[in-house]
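Next, two complexes with chain A in common: one pairs it with chain B, the other with chain C.
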Partner chain A sequence: MTLPLGVVFFAFFLLPMAQLVLVGASGEEGMSAYFSFLTKTRHLESTIATTLLSAGVTLVALAISTIVGLFLVRNRFPGRETLISLLTFPLAFPGVVIGFLIILLAGRQGLIGTMTKAVTGDKMVFAYSMLGLFLGYLYFSIPRVLLTIMATAEKLDISLEEAARSMGASQWRVIVDVILPALRPGLIASGAICFATSMGAFGTAFTLATNIDVLPMTIYTEFTLNANIAGAASLSIILGLITWIALFVARSLSGSTVAASG
Partner chain B sequence: MQETTSVQIENCGKTFADGTQALEPINLSIEGGETVVLLGPSGCGKTTLLRIIAGLESPDKGGKILFNGENVTAKMIENRNVGMVFQSYALFPNMTVSENVGYGLKVRKMPARERETRIQEMLDMMQIHDLAERQIDQLSGGQRQRVALARAIAVRPRILLLDEPLTALDALLRDRLRMEIDALLRKLNITAIYVTHDQAEAMALGDRIVVMSKGKIAQVGTPREIYYRPQTDFVADFIGTINRLPGTEKLCRPEDIRIVAPDQASHVGVLAASQFLGDRTRLVLSGITEEDFIVEAPLRKDIPLGSDVPILIDDRFLIDPKAVGA
Partner chain C sequence: MRRNGLFALQLAFTLFICAFLIVPVILSALAGVTVNFFKGLKSGLTFNWIIEVWGLYAETIYLSMGLAIVCLVITLLLGIPMAYVLARTGGRLSRFIEELITLPVAIPGLAIALALILTYGGFREFRSSWLFILVGHVLYTLPFMVRSVLAVLSSINFQELEEGAASLGAGFWPRFFQVIIPNVKPGILAGSLMVVTLSIGEFNLTWMLHTPLTKTLPVGLADSYASMRLEIASAYTLVFFVMIIPLLVAMQMASNSGQRKKKSTAVPDLPIKRS
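Entry: the complex of A and B
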């Protein structure tokens, strides 16, 4: 049992990782390539922008999904099943399609552009800005987060809320003292997955990020256009490390529930 | 000790959104300080009635709940000042025992020092002082229900509502906690409404028992009245064991039947089964009625299966469900 497992682990995880680390250090700068994300302005900006974008997307996706998820779990109405399946529809889309949808919405020929031109005379285009990227990431993040939160919310014990209310707790206090603590494992798990996915998202960025830099795009540019293989490899490692740290923090915050409910 | 609160239930029915009627409009008056047990099989509407009194459900149009004459029907549970104890304990897993007990006080913005005193008082009363700093998942079922009781009474509620609080516990613990709850209710002199499907629990705790069946009140009375003067077959069957006498509508409790010498017997049955229960033996006789006839008597000796058992049914102990209010 351990031998095949060891072989697979070695061949598909350790070997490529080691190779990546070596390639990252093989350039003219050697090991210091790993600090390029601090020393090279472009790399630093890209790293900060990507991390902020992912953190923002995670927070907003969690907020929206918590409200929507609780509502969907608590209420039964005609069309509920259809609505849930529609909400999870974007799960199947590749990033390119999501980028395309954002262009249709906020691109030069997009819906918002046409509408704002008709109303104000100015065409509003933000598909290729940070906002467009943010919306795209949010769009594909919400289904993942929503499903996890709904699964956690299904298991909430209603009598806990009733007990709190019987002692005089307002709706707001019930949310803060009872519901959010109970949802915590699901929030941390889905938040970590959301953050990791956003950090590494390429398809959407490839479609939209013509003027802005996010890490996966920077890696792609270094690799294909500048043939800076060492730089690309070192940035890959940095990207992996930031995401890994985020998952690690999430894991230690919630015990070991990240893997379980993620 | 604070003033007690009476509860009037006027015309309270409950029809759920899917059209099922959980409760037909009922009327019930509960005195201040009284312990009333709502007893019935699952689905009889007892929990629905409790939830209407609590303010977790609203009654159908026309129904009213009054606390000491004040109409509280429109008030939500958070404004009714009731204490609730649940079958599932419903303790907050993210708080310690102390924090759970003090939660209602914190919500009411009681000053920290005063709150601490009240928490200590409650922990002492429920004898869970040693558990104060424990997490909830480190407690046994019995300990959890003690914490839940302490938490419910810490805010000094007007009435205490208990929804099958002992059902999740094992038999031995259930008996002990039942006695503790009984002592607690007497001590607090608080109006308490207790829901259970266990008739022994109902008899032990209730000043009055409300027997419910299919969304209706079948009978209201003291445990003695319910036991010895059941007004319907349902109540007679649900509370304890009962025998139907041949040829009449009359009923008889197993412990009121005596085993006598053959020449004094009013009936003779054949022993079909017997269970030695320690303090008494339960004999199942055939041949008296179509159904099994149950006799309970303190027996020192075994009676062999298949032998004749002469019994005497004293007329004084006969129960006539048709004689309403007898």
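Entry: the complex of A and C
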């Protein structure tokens, strides 16, 4: 029964990936192409920029989602369900569309430009800068991080907080010493997912990063413009390894939370 | 918890984040039906941009719908038996296989597309047909189908059901089609919605795999963002939203009803869609 899938998977995934690994080492530099992300200035710069951007997006997305997630889990009020739906439904938007939404927000004819022009007389346009890219990545990160954090927050044991409070702990201490440690597995898991998605994001970068080298765009230019097939192949293997490891960490951690909560 | 200043502050923050996500969508929908977006709504409303989009890009919309349907059929045929075998086998091997078939989601689409081009790009006929894109879509959506069916299978005691049917003399295939399939319907439904939604919106693989004659909706969108006026790009995006939002709503409803029944959630625990 698994034979059809096995054949398809072997022919169209395992075989091509093996080919990709071979091609990656087939250039003039041979195997050392796999270290170009450390040795070649342009690749190194792109790797650093992408990593910093992804890490920054992850931290901000975690902070925002923790505040919003805890609020939505702890409070019941009219419109709460709608709010949750609205906050999570951009989950399935493709990256290109998200790029365009950022253009509508911060592009030349964008909302922020119009508003700042009305207030200060200066038009703020930053859709195609690092800040625009950052907002785009944040856009696709918030829904998925929020979902994981809300799922973790729902399992929190309120009595621990009450105990801490009854012993005179301030709200701040309760957050730092009780709530955040309890949320930790969810934070790490969703943070890893967010980081991996940001590292590999192509659609959003394709629309916004016309002047910024993030790894997927570097791979794309190496392949299409520079015809550096080996370089593109090796760099995409490295990127694939990074995202896979991050996601593996996420999954093994969230797996252990499920087991722990019985 | 007492409703106090903190509550108001948190609510305001949540609403602000919600606005960040939703306002651009509304802007895009409005721009698609406004005569001149730069002048604003007072320039009047029109359906002309949508009609123009239809003239320019109807092909891409048909191709995306066709791809999604064929992709769904294939993932159903390949995915349900696989999920069943994984659920029956269990253990480390089954975990490993699950991990393996999830790889195409964990690796950036760009890398998979490159691998496919390097391996099969030489087969001209295949390379330039829509089947080349279909291969990418099947690889990418298959794990969602398998996991979604697997989640339901692991939450019900299907082996007991099967034994019951077997004791009444039902052979393997009657059991599979009349006992297993009806019982995993929620998983199949959730998986199918996911597969169709993801296939319609897939860009990362498709951009590399497409040819000028095989443009899908998201490829056309990227094209319009780069080369068309804002109103046409917006109208095209609006068409895309009209196609995708019913699917998203259906998905949320399916996951809510799954939670209410308090089995496991029918929606797969795989929020790692690429962007």
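Keep this in mind: the second predicted complex is superposed on the first by the 226 of 262 C-alpha atoms of A that agree within 3 Å, B and C clash if a C-alpha of one lies under 4 Å from a C-alpha of the other, contacts with A are read in each partner's own complex, and residues count from 1 in each chain.
One rule holds in what follows: a contact is a pair of C-beta atoms (placed from the backbone, for glycine too) under 8 Å apart; a residue touches a chain by one contact, two chains touch by 3 or more.
A quick note: this is a predicted structure, and the numbers were derived from the prediction, not measured.
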- Message: Should chain B and chain C be called a clash or a fit once both complexes are overlaid on chain A?
- Response: fit
- Task: Check whether A:Phe134 is in contact with chain B, with chain C, with both or with neither, and answer first, second, both or neither.
- Result: neither
- How many degrees apart are chain B and chain C as seen from chain A, counting from C-alpha centres and rounding to the nearest 10? 90
- Query: What is the contact status of A:Ser159 with respect to chain B (first) and chain C (second): first, second, both, or neither?
  - Reply: first
- Considering only the touch criterion stated at the top, classify A:Ala233 as touching first (chain B), second (chain C), both, or neither. second
- Message: If we overlay the two complexes on their shared chain A, which of chain B and chain C does A:Gly168 touch? Say first, second, both or neither.
- Response: first
- Should A:Asp177 be classified as contacting the first partner (chain B), the second (chain C), both, or neither? first
- Query: Among the partners chain B and chain C, which is in contact with a greater number of residues of chain A?
  - Reply: C
- Item | First (chain B), second (chain C), both or neither touched by A:Phe126 | neither
- Mind working out whether A:Phe195 is in touch with chain B, chain C, both or neither, as first, second, both or neither? neither
- Distance of closest approach, chain C and chain B, by C-alpha atoms in Å: 9
- Message: So in the complex, the part of chain C that touches chain A is made up of which residues?
- Response: 1, 7, 10-11, 13-15, 17-18, 20-25, 27-28, 31, 37-38, 77-79, 81-82, 84-85, 100-101, 103-104, 106-112, 114-116, 118-120, 135, 138-139, 142, 197-198, 201-204, 207, 218, 221-222, 225-226, 230, 233-234, 237, 240, 244-245, 247-249, 251-252, 269, 271-275
- Query: Which of the residues in chain A end up touching chain C in this complex?
  - Reply: 1-2, 4-5, 8-9, 12-13, 15-17, 19-20, 23, 64, 67-68, 71-72, 74-75, 77, 83, 85-105, 109, 111, 137, 139-140, 142-144, 147-148, 193, 196-197, 199-204, 206-207, 216, 219-220, 223, 229, 232-233, 236-237, 239-240, 243-244, 247-248, 250, 254
- Message: Applying the document's contact rule, which stretches of chain B touch chain A when the two form their complex?
- Response: 54, 56, 76-79, 81-84, 86, 88, 90-94, 103-104, 107-108, 148, 151-152, 155, 157, 161
- Query: Considering the complex alone, what residue numbers of chain A touch chain B?
  - Reply: 157, 159-160, 162-170, 173, 177-178, 181-182
